[in-house]
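Here come two complexes built around chain A, the first alongside chain B, the second alongside chain C.
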Partner chain A sequence: MNTRREQLVGVLFALPWILGFTIFLAYPLVTSFYYSFTSFSVLRPPHWIGTSNYRELIKDDVFHQSLKNTLTYAAASVPLATVFAILLAMLLNTKAKGMAFYRTIFYIPSLVPMVALGVLWLWIFNGHYGLLNEGLGKVGLPTPPWLTDPAWTKWTLVLISVWGTGNAMVIYLAGLQDVPQSLYEAAEIDGAKAIGKTWHVTIPMISPVILFNVIMGLIGAMQTFALPYVMFPGGQPARSTYFFSMYLYDTAFQFQRMGYASAMGWVMFAITLSLTLIALKLSSKHVHYEGG
Partner chain B sequence: MKKFSSTGLATSRRRRVLINRVAVQAALIGLSIFFLLPLIWMIVTSLKPIDETMTSPPRWIPSHFEWGNFPKAFAYNSEDLGYIPFLVYGKNTIFVTILAVIGSVISNSLVAYSFARIKWRGREVLFGLTLATMMVPGPVLMVPMYALFKEFGWIGTFRPLWVPTCFGSAFNIFLLRQFLRTIPIELSEAAKLDGASEWRTFVDVIIPLARPALVVIAVFTFLWAWNDFMGPLLYLTDQQTFTLSMGLQFFQSQHTGTPWNLLMAASLIVIVPVIIVFFFAQKVFIKGIATTGLKG
Partner chain C sequence: MNTAVAQRLAALAIVTAGLFAWVGSERAASRQTGSQRVVVTYWEKWTGDEMQAMKHIVDSFNASQSRIEVRYLSISGIADKTLLATSGGNPPDLAGLWGDQVVQFADAGALAPLDDLASKAGLSESTYKPAYWNEMTYKGHLYAFPSSPGTSALYVNRALMPPEYNSAEKFPKTLSEFEKFISKVSKKNNSGGLETAAFMPRDGFGSGSWPYLFGGDFQNGNEIEVNSATDLKAWEWVHSFAKRFGVRETQSFRSGFGNYSSPQNPFLSGKLATMMDGPWFSNYIRLYNPKTDWFVVPFPYPDGHPELAGYTVLNLNTLMIPKGAKHKSEAFEFIRYVQRQDNMERLCTEQFCNSPLSKVSEKFLNTHPNKAIRVFDELARSPRARGPVQVGIWNQISQEMGNAVDLMDVGGVEPKVALDKAQERLEDEWSKYREQVLNQ
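Up next is the complex of A and B:
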C-alpha cells in the first residue's frame, strides 16, 4: 500500500513534464512527421502527397546550398571554438592574480543576446567605417570585405562564434578543477613537462567533458539562425550565409510550404543524429570514464 | 660544488616561474582586450552624437557625451524607420521573462524531485526519453508548434513564449536531477520519520538545500527568455507586442544611414539587464554549475 501511494505521489510530482512532454514534444514530433508527407499551409489543411517533399529536396539547389553552408560552418566553428575554449579554461585554471575578474570578463561575451551580438559585429566589421578594418589598415594588414564578399562571410560568423565561447569555457573549467592534483604530481615524478602533462593527464581526464561540449556545439551549430538572420538578411551575399534553419523558416512562413519545411526538419534531425552517433563512435576508444 | 649547482638550479627555476607568471598575465590581459574591446566600442558609440560615429580614424572619446541617445532609443521616431516603441518592447520582454522564470523553476524542481528521489514505475523509461529529446533540433518543431498554437488560438499572444516553460524542459530537469541526487537520502528519511509528507519533505528539506541549482535554472531560463528571437518572430504579430530582441532590428535602415549611435544605445539597453543578473547570481551560479554535474 505504501508503494502504491509512492507511485501516485511520484507521478503527481512528474505530472507537469508528463503533460509537457506529451503536448509540446511527442505530439508535435509525430504531427511534424505526418506533415512531411503532406502539402500544407496556414490557409490549406494538410493533404497527403506521399514522399514527394523528400524527392523534391533531392533536387532542390537552394536546399543543397543551405545544407553545405551549415555543414561548412559547423565543421569550422565547432573544432575552433573547442580548442579555444579549452585553452581559455586552462589559462583560467592557473594560479594567477585576479582570476575571478578574468573569468567574468571572458564569460561576458556569451551573455550578449544574439541579436545585439549581430548588430554589434555588423558595426565593427563594417567595410567603410568599421573599427576592425580601420585597425587592420593602420598596421598594414589586409582589410577583407567581411560582410560583402561571399568568400569571407562564413568566416566572419565563425570568428564571432569563437568570441562568444564562454559557456563551453566555464564547463571545461569545472572539468579541469576536478582533475586530481595527485595525477600531475605522479606525472612530474615521471619527468613529464607541461605539454606532456596536458597531453597525457589533462586531455584524457576531461575527455568526457570535451565529448559533451562537442556534441552540444554540433547540435547548436546545425540550428544556427538568429545571428545570420540579423547580420545577413536573406543569407546574402550570394546566399553564402543562407543556413538550413533560415531556409526552413522561409519555406514555412514566407513561401507558406509547411509540409516541405517539415520534411526539411526531419532531414536536419537525421543529419544531427548521424553526426552525434559518429562523434560517439569515434570517441568511444578515446574517452576516459572514471570508475566505468 | 654540489651545493653551488643546486642553488644555480634554484635561481633558474625561480626565473622560469617568474617568466611563466608574466606570460600568463600577458595572455590574460591580451584576451581581456579581445573580449572587452567590442563591448567598449559599443558603449563609446552609444554616447556619440551621430556625426561622430562615422569618422576616420575612429574617435575613441566623443567630443561630448550624448546621454540623450538613451531616452531617444526608448521611443524613436523617424521618417525612414517609423516609430519604434522600444520601451513597450522592454515591458513585453520583462513580462514574458518573469513568467517563464517562475514557471520553469517551479515545474522543473517538482519533476526533477520526482525523478531523483521518488521511486515509481516508468520513471527510468520517461527519464531516458527525456534525455533523448535533447537531441531533437528546435527547427524540427517549428511548423508543428506553430500549428498547435494556432489550434489553441494563441498566435499573436505571449502564451506560446512562456506557457511551455511551466511544463519543464529536458535540459533543466536533467541538471536539477543530478544535483538533487547528491543530497543524502538520510535527510529525507529523517524528515519522514518525523511524520513529514513527501510534499513537506520537498518544500522544507530539499528546496532550501537545492538553492544553488535553482539559481542556475532561473538564470538559464532568464537568459533563454530574454534573448529568445525565434519564438517572438514566429508567434507575435502585432508591433505593440514585440520584444526587445525583435525591436533591435528596426533600427537598421535599408535606405538612409542606420543611426548607429542609437542602435548601440538600444543594444546596451538589451544587454545591461543580462549582465546585472549575471553579476548578482555569479557566485551561486558558478557553484551551481560545478555541482550539477553539467560537466558530464
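Up next is the complex of A and C:
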C-alpha cells in the first residue's frame, strides 16, 4: 500500500474522533470565546458588545466572592487530599496480608456518584442528628453547625474532598511500586530510618506523580460543582459555598446570560492555566525525573 | 492488518458514525405513529405520583380520539433542556414549565402566544381564578395554561398545640396574636437548645415572598424595589426569628432539619409546630408520617390591616408551547382537554392540588385527599394571592433576597444595609436585562 493510501486509511480511522472533537469540543470552544464578547440570551442571536462582559466581571461582587470561595477551597483541599492520598498509598504499599482487599475498599468511595455522596454527607454533617457531631459530642468536643454557619461550610466541603482521593491514591500506589528497591537498601546502609527513607527516597522518586496529581486536583478543585450544588443550593448560607462553576451555571441557565457566562468560563480557563504554569515553574527544582 | 481489512474497518466506522448521525438527527417533534396519528411530544418535570397523575390524563386523551397521540417524557432539568432545544430549533410540542418562567421565556421569544387558540376554544380570563390568569399572561398575551397549581397556607401540628390554639377557629388571626403563640409554643430542651419552634419563616413554601404579607412588593412600577419601608418591615420581621431564638441556636436548630420529602421534614418530625406549605404537602404527611394530626389556616395578617388578610403565595405548573413547535394546534388540543373541568379536577385531585379554574365542583371539594382543600381554594381566590413579580430577573431577585436574609441572620449585617446592597445589585441586573434582552 502506498503512503498516500496509508494516510487516508489512518485519517478514516481517526475520523470519528476528529469529528467528535471538532463538533463537541473545538466548535463550542471557539464559539464560546466569540459569545464572551456578546450579550447572548441563548434564544436570540448574540449581540456584539465588545469587552463589556469582561469589564463587568471586574466590578461584580458575586464573581469576586465565588472566585475567593473557589480559590480558598482549592488551596485547602488540594494539599489535604494530596497528603491523605500519599499516606494512604504508602499504607497500601506495605506487604500486609489481604492488601488487594484493602486497596479495593479504599478505592470504592471514589466510585460513588457525587449526588449520592452529597446526600450522604448531608446526613453525616447534620447539626443535630449527624454522625460526626454525635461522635464529637461524645468525646466532649464542640459540635459546630457544619452546614449552616458560613464560617464552617467551606471547611465541610474541604473535609469531604478527602473522601474522593481513591483515583489519586491508585496513581500514587503505582508510583510507589516503581521506586527501585535498591535505593531503599542504599539508604538503609547509609543509616536512614523510615522517615529519612520517605523524605529522601520515596518523595523525590514519586515527585513527578505528585506534580501530576496536584495539577489534576487543582483543575478539579477549580471546577468543583456537583457536591456544593447538591449540599448547599444557591451557595447558602450567605454565598459562603457559592463556587465559580455554580455562578457560571446560574448565569448561563437560570439568568440566561450565556455571553457573560462564556466570559466567566474564559476567565476561569486563564486562572487555571496560570496556576498550572506557576505550579510547573515552582516544581521544576523539586521534581526529579528518572534519567534526568 | 492487511489493506483490505483496514479499508473495510474504516468504512464500517464511517457507516456507524453516519448511522448515529442519522438516528440522532431525527426530529423529536415530527414523528408519525404506525396508525398515522400525529405525535405530540410532551416534556414534563414530574416523576413518581405526579407523573402518574398526568399520565392518566394523557392516556385518557389518547384514548378519547384517533388523530393525536401525546407522548409524555419525564425530563430532568426541563427548563435548561427546553431552552436549548428551542434555541436549536427542535423544541418539544409541549413543555411543562413553572409559572415563574413565563416571563423569562416570553421575553426571550421562546414561547408561542396562545391568545387566538384560547379564544377559539372559549378559554378566557373568566375560566380561571384571577391570580393564576395573571401569572399565565404577560404584556397582554397569553403564554401558558395551568396544569396543577398551588397556594400556600399554614399547616399546624395539633399535637403540639396547647388547648387555646388547637383548632382553626382558635388559631391566631393577627401577627400580634401570632407572636404570643410563638412564645407559648416554642420549647427549649434541658440544655437550653431549641426543641420545638412554633414557626420559622425561612422554612416551607413561599419563604422568599414575605413582603407581600405586609403589603410590600419587589417592584415599583417598572423598577425593581426591594428596600422600601414596607419591604424592610417584612424582612426585619423575618430576621426577628433569628434574634428571638438566638443566631447560633437558630443555625444549629435548622441544621437538624431533614429533607423535605422524608420523615425528617421539620414539620413531620415535630421540630416545627407550624409550616407554610401548599395543598400537596398533605400527600407528604400521608407518606411519611400519617399519624400527624393537622389542620390548616390562612397566615395571620398584620395588626390593624384586615385588608391584608388572605395572604398566600402561588405556585403554578404550566403547559406551554415553545416557539417552533411542529404541532402547535395538536398540542393545544391536549391543553384544551386538560382544561376541561372534569379532567382538571381529576389531575388536581391525584396531584393533591387545588384547581386553577374559577368553577370548582362540590364533588372535587368533598372528595379531595387534602381535607383542607377548601382553605386552599378560598386562598387562591383571594385578591391577596400573589405569584412571582412579572420581570425576567425573578431568579436573580430570589437569589439576592435569600442572600440578603442570610447576611442578616448569620452575617450580622443590619437589615437596611443588606436590603440596600440587594437593591443596588438588582438595579444593575435589571438595567442590563432591559438593555440586553428587552431592548435588543
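In this text, the second predicted complex is superposed on the first by the 290 of 292 C-alpha atoms of A that agree within 3 Å, B and C clash if a C-alpha of one lies under 4 Å from a C-alpha of the other, contacts with A are read in each partner's own complex, and residues count from 1 in each chain.
Basically, a contact is a pair of C-beta atoms (placed from the backbone, for glycine too) under 8 Å apart; a residue touches a chain by one contact, two chains touch by 3 or more.
Keep in mind that this is a model prediction, so the values were computed, not measured.
J.: Fit or clash for chain B plus chain C once both are placed on chain A?
T.: Once both complexes are aligned on chain A, chain B and chain C clash.
J.: Should A:V42 be classified as contacting the first partner (chain B), the second (chain C), both, or neither?
T.: Both partners, chain B and chain C.
J.: Which partner, chain B or chain C, touches the larger number of chain A residues?
T.: B
J.: Which partner does A:L19 contact after superposing on A: first (chain B), second (chain C), both, neither?
T.: Once the two structures are laid over each other on A, A:L19 reaches both partners.
J.: Does the superposition put A:F255 against chain B (first), chain C (second), both, or neither?
T.: A:F255 contacts chain C only, not chain B.
J.: Regarding the shared-chain residue A:Y129, is it in contact with chain B (first), chain C (second), both, or neither?
T.: both
J.: Touch test for A:V115: chain B only (first), chain C only (second), both, or neither?
T.: first
J.: Looking at A:P237, would you say it contacts chain B, chain C, both, or neither? Reply first, second, both or neither.
T.: Only chain C is touched by A:P237; chain B is not.
J.: Looking at the overlay, what does A:P145 touch: chain B (first), chain C (second), both, or neither?
T.: second
J.: Look at A:P79 in the shared chain and tell me whether it touches chain B only, chain C only, both, or neither; answer first, second, both or neither.
T.: In the superposition, A:P79 touches no partner, neither chain B nor chain C.
J.: Check whether A:P180 is in contact with chain B, with chain C, with both or with neither, and answer first, second, both or neither.
T.: In the superposition, A:P180 contacts neither chain B nor chain C.
J.: Give the stretch of chain C that clashes with chain B in the superposition, choosing among 57-65, 165-173, 255-263 or 381-389.
T.: 255-263
J.: Which positions of chain A sit in both the chain B and the chain C interface?
T.: 9, 12-13, 15-16, 19, 42, 119, 122, 128-129, 253
J.: Would you pull the chain A residues touching chain B in the complex into a rising list?
T.: 3, 6-7, 9-21, 23-25, 27-29, 31-32, 35, 42, 88, 91, 94, 96-98, 102, 104-109, 111-116, 119-124, 128-129, 131, 134, 138, 163, 170-171, 174-175, 177-178, 208-209, 211-212, 219, 222-223, 225-226, 229-230, 244-245, 248-249, 252-253, 258, 261-262, 265-266, 268-269, 272-273, 276
J.: Name, in rising order, each residue of chain B that touches chain A in their complex.
T.: 21, 24-25, 27-28, 31-32, 34-36, 38-39, 41-42, 45, 53-58, 107, 110-111, 113-115, 118-123, 126, 129-130, 133, 135-148, 150, 164, 166-169, 173, 198, 202, 223, 226-227, 229-230, 234, 244-246, 248-249, 251-252, 260, 263-264, 267, 270-271, 274-275, 278-279, 282, 286, 289-290, 294-296
J.: State the interface residues of chain A toward chain C in the complex, per the touch definition above.
T.: 1, 5, 9, 12-13, 15-16, 19, 39, 41-44, 47, 49, 56, 61-62, 119, 122, 126-129, 145-150, 234, 236-239, 250, 253-257
J.: Per the contact definition, I'd like the list of chain C residues that touch chain A in the complex.
T.: Chain C reaches chain A through residues 3, 6-7, 9-11, 13-14, 16-17, 79-80, 83-84, 86-87, 104-105, 108-110, 248, 251-256, 258-259, 264, 393, 395-396, 399, 402-403, 406-407, 409-411, 425, 429, 432, 435-437, 440.
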